[in-house]
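What follows is subunit A paired twice: with subunit B in the first complex and subunit C in the second.
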Partner chain A sequence: MNGQKQDNRAWLGVLPVLLIVAFSAVIPLMTVVNYSVQDILDINTRLFVGFEWYRETLGDTRLQDALGRQLLFSSLVILIEIPLGILIALALPREGRVLSFLLILFAVPLLIPWNVVGTIWQIFARGDIGLLGASLEFLGISFNYASHPLHAWITLLAMDVWHWTSLVVLLAFAGLSSIAPAYYQAAELDDASRWQIFRFIEFPRLKGVLTIAVLLRLMDSLMIYTEPFVLTGGGPGNSTTFLSQYLATKAIGQFDLGPAAAFSVIYFLLVLLLCWIFYTAVVKDKGTDQ
Partner chain B sequence: MAAITLDQVSFNYPGTTEPVLKNLCLHIEDGTTHALLGASGAGKTTLLNMLSGLLSPSSGALRFGDKNVSTIGARERNVALVFQFPVLYETKSVLDNLMFPLLNRGWVMKEARGRAIEVAEELELADVLHLRPAGLSLYQKQLAAIAKSLVRTDVDLVLLDEPLTAVEPAMKWRLRQRLASFQVEHGLTMIYVTHDQTEALTFASQVSLLSEGRILQTGTPEDIYNHPIDRFVGDFIGSPGMRFIPSARLHSDQPPLGLLFAEPPERDAGTLMGIRAEWLTPQRSADGIWELVSKRLVGTDGGQEKSLLGFRNGDFELLAEGLGNWCKGDRANLRVQRYALLPAEPQTAITS
Partner chain C sequence: MSRQSEHKRLNSVGAYLLLFTYSTYLLLPLYWLVSMALRSNADILGSFELFPSNLTIGNFSEIFFSEVWRSGFVNSLSYVALNTVISLTVALPAAYVFSRYRFLGDRQLFFWLLTNRMAPPAVFLLPFFQLYSSVGLFDTPLAVALAHSLFTVPLSVWILEGFMAGVPKEIDEMAWLDGHSFLSFFFRIFLPINKGAIGVTVFFCFMFSWVELLLARTLTASDAKPIVVVMTRTVSASGLDWGLLSAAGVLTVIPGLVIVWFVRRHLVQGFTLGRVS
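This part shows the complex of A and B:
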């Protein structure tokens, strides 16, 4: 091979991907950026307003509230689902028919369309006819997610945990399966405690898949829309209105395209920033591990 | 350290009737190295798991010294185990890895540290004590894993499960030397499980050959090599294995065999004569009875090429090491320098 002679034909191979990404992501995003700096009165009348919409959006207290709720929701979801998923994965048998059955069972929530998940929980948690709500009522606990903000939050969190913990379980189980039995044998001969086995053998091996799991849950939970929309519609009041729902209200409900576009860009940058912070923190940590 | 005794030990996995280990009897002297040699499926791993305490014998007794340990679990068994590949705690430094089993057993920090450094220095690991396993070569990793298994002073037995398999070929010899000198210096009782006969025959003072859950023969490496107990052992040990001719054939009325002896075996219908390639010298002769049918170059000796030669005479085929320029179709007689006499019938029932 002659190192000097360049063969540029390889770019042709990358071209389809570039085109797809351009059409599916770059061009729509740029359209939004374009909207965000204009005041659109009608299709023909547009005014350039610079960063006005951004200033307005950032000063919007309802948006700040929604952002606060969003961050709280994402943190709670990750704090519950990651440890719970690891615990369930640790408790699973390592082989056999029971395992296959359980893995299929765990995969089921992941396969259900999101609006159906919302509907299932909407009915499940109802105080009059829902299995969960009615059971709580029967036990003397008054439970009404439609009128009580805390109940709405509990229902939403329970729904998300039910929906997504399986993902963490499956990822963690894959990580655990890659550990050779010899490591457990050695730990037994070293008289290691169960906690030491987790701390020094299992957790280091799980780090990689857990990074993926946290990243996926972080991104998904930050963008959650369908399930709360179906379950609570953002209420009672605004108590479960997250960023995406507030955005939809602005863009479609009030048809404020300019502010909604500015909001979208900020929202996008926020998700990107949080994921980047998390990812670089983990990668840096891995770097010092060596 | 302790002497190890297997007294009529059998094992079958729950729910199966066919035992994996059948009536094993074995005594290993305190402070010696014993190799368990066998092909895969011979029961080596099961026996190893039983010695380490992961499995308990279905019947019979396993004794460390005078103590019956048959039902004592792995944690209390006082056994160290070296695996086929380096098993270390990835997030701990080599020093912390070495100290881990000691601290878990109630050693004081300072003493554990001293002991870990002492073992590391003996195994030439002192320079990498502060590194994590990821920063080590494969050889160093396995050396560290071996050090971790040797760090405890209260173990009765060190088990080695093909510890050289994962190491680069060039380093195998070095690792074996380190291990051997450590064993001698500290008088360790070691059991070395392997399918590699070169490792077994060069490392251990005693070798047991395992096949289908039985011990076929136990002896010194020389014993097993020169005096195999039956045809299976003779064929299994050595590369290539022994070739056999019924002793009775030498004295029958059939045409001469073309084998030249200083001292021929006696006529005995019940024995086989086992011959190894290096025990035969071919003598070229135009009217020789053996015909050269195969040839494989194995090296040079005094400037001449040295080959492994396959000679055929009717139904018999023998291998001989020959010097010089041999060609297929050459004829020769074979001089037998030494031979082993074995029973014609398999002796695998000896242990039961």
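This part shows the complex of A and C:
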């Protein structure tokens, strides 16, 4: 957005976007905020309850547990997928048929419907019919993600790595491809080690795309719903119930309008806050860098 | 992106080992899905076979001859297509002005758009349900397409703006000098230049709309039920028919493969949302 000409007629161009986003974001958000401060008994009987639902929601221990699990899951996902993605991008050939083939292969998991991803891992990890589960059983390791919380977590993480690492690979590869050859020639003259090349040449130039990668993975892992819903159903017990699933149960399952709305507002603000913290941290970093 | 960029690879034995391992990791579950799809449910439950011996296309033919499955497929494709058309129609002019002009509130607007992409769909479940019910769109593909556009429109604007900012402004000025009107310039010159960007945007709209389940499930009941929902409901209705479920899974992967094939040249640039500098 380094446009030069100041021209407010340009608003005409963004008007359609504004209208459609207002229809599908602003109205629903207002509805949510509205519900979150009312007790709705029926269509005509509504009581203003102020921050009652917020207080109730924040004090809800099951919600706190879900939040804790969510933060743990998102952190683990980022800690595994970002370094692994960078490593794979560094290992990719620069051009040729092998590269095209690998890029297409890597993109496939990104385009599979999320519930199908859950299904794929269900039939892959089950002890009776799954390749992974049955192999583990064969090796004498009893593996059952449906009854053992740790196994459920391992399966979920393996699934998420399978599903999303490619996104990081493609981003990091695009970043690497844009580094001018001159930098590498200079490094060669200086006899730089592989690590030094990565640390002082590649990494600084990857910061932009890695920011996008971490942001996308952060946002998307915070809203994960479908895959655990299909794979574990949030169980065993509540051990893999994350925020979205908890909310969906409240809103659609129990139809608890007020608390669900208050929870929605808190959830939305939480995601915004995390993304904003990360975003400003990176932008500030850039400012001092250049 | 330059083709002759010289980024150094890791030690090549290690590199190939890593690529091989990762590719295998991606392929194994997919192989298992396909092998399950080609076996009958009784066969799957009866014996564990690494390489299936009794191949059958029974699961696929059951899907092809079933009205519910077929209409599920058509419903999904129709809201994905609608969503893509809506997203492109509104995002193209917006991305153009973002890339060419400064105007009051442009930066704030741009960031606000992005925040919509960050919102968890679960937050919008209830209000969407009520909003689309009240305007009579509930259980239509249009409702799902509009709901998904909340996420795909901001993303489209972002991607297209990134690509368009890279197109020199001299092209606009040359076109004015040649006597093109704005519309003629936009449709005959500017859009063809950006067809790669449009392809990538289609990919991303598809990537969101085709794979999403939560909103699609909430906004449909019977008439507009998408394939992903048919899958989850079939499971609960008839017990678990793993073969049938796998065959449906295989079928939902195919449209993705087609799209990847078409945008393969622009894939890498698209993943940085056009922003690799």
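Just so it is clear, the second predicted complex is superposed on the first by the 279 of 290 C-alpha atoms of A that agree within 3 Å, B and C clash if a C-alpha of one lies under 4 Å from a C-alpha of the other, contacts with A are read in each partner's own complex, and residues count from 1 in each chain.
Keep this in mind: a residue touches a chain if its C-beta (ideal position, glycine included) is under 8 Å from a C-beta of that chain, and two chains touch if they have at least 3 such contacts.
All values derive from a computational prediction rather than experimental measurement.
Engineer: Given the alignment on subunit A, is it a clash or a fit between subunit B and subunit C?
Structural biologist: Because the two structures are overlaid on the shared chain, the partners are seen to fit without clashing.
Engineer: Touching A:A186, do we find subunit B (first), subunit C (second), both, or neither?
Structural biologist: After superposition on chain A, A:A186 lies in contact with subunit B alone.
Engineer: Tell me which partner A:P204 touches in the superposition: subunit B (first), subunit C (second), both or neither.
Structural biologist: first
Engineer: Tell me which partner A:L58 touches in the superposition: subunit B (first), subunit C (second), both or neither.
Structural biologist: neither
Engineer: So in the superposed three-chain picture, is A:N8 touching just subunit B, just subunit C, both, or none of them (first/second/both/neither)?
Structural biologist: The answer is second: A:N8 touches subunit C but not subunit B.
Engineer: According to the contact criterion defined above, which of subunit B and subunit C contacts more residues of subunit A?
Structural biologist: Partner touching more subunit A residues in the overlay: C.
Engineer: Using the superposition on chain A described above, determine whether A:I141 touches subunit B (first), subunit C (second), both, or neither.
Structural biologist: neither
Engineer: Just subunit B (first), just subunit C (second), both, or neither: which does A:I27 touch?
Structural biologist: second
Engineer: Taking the superposition on A as described, I'd like to know which of subunit B and subunit C A:L273 touches: first, second, both or neither.
Structural biologist: neither
Engineer: How far apart, in whole Å, are the nearest Cα atoms of subunit B and subunit C in the superposition?
Structural biologist: Once the two complexes are overlaid, subunit B and subunit C approach no closer than 13 Å between C-alpha atoms.
Engineer: Which subunit A residues lie in the overlap of the subunit B contact set and the subunit C contact set?
Structural biologist: 180, 185
Engineer: With touch defined as at the start, can you tell me which subunit A residues reach subunit B in the complex?
Structural biologist: 180, 182-183, 185-186, 188-193, 196, 200-201, 204-205, 289-290
Engineer: For subunit A, which residues are in contact with subunit C within the complex?
Structural biologist: Residues 1-14, 16-21, 23-25, 27-29, 31-32, 35, 87-88, 90-95, 100, 102-116, 119-121, 123-124, 128-132, 134, 162, 165-167, 170-171, 173-181, 184-185, 194, 197, 202, 208-209, 212, 219, 222-223, 225-226, 230, 243-245, 247-248, 251-252, 257, 260-261, 264, 267-268, 271-272, 275.
Engineer: Using the touch definition from the top, list the residues of subunit B that touch subunit A in their complex.
Structural biologist: These residues of subunit B touch subunit A: 52, 54, 74-75, 77, 79-81, 83-85, 87, 89-92, 100-101, 104-105, 132, 134-135, 148.
Engineer: Quick one: in the complex, what on subunit C touches subunit A?
Structural biologist: Residues of subunit C touching subunit A: 1-11, 14-16, 18-19, 22-23, 25-33, 36, 44-45, 48, 50, 86, 89-91, 93-94, 96-104, 106-107, 109-110, 113, 115-131, 146-147, 149-150, 153-154, 157, 161, 165, 206-207, 210-214, 218, 227-228, 231-232, 242, 245-246, 248-249, 252-253, 255-257, 259-261, 264, 267-269, 271-273, 275-277.
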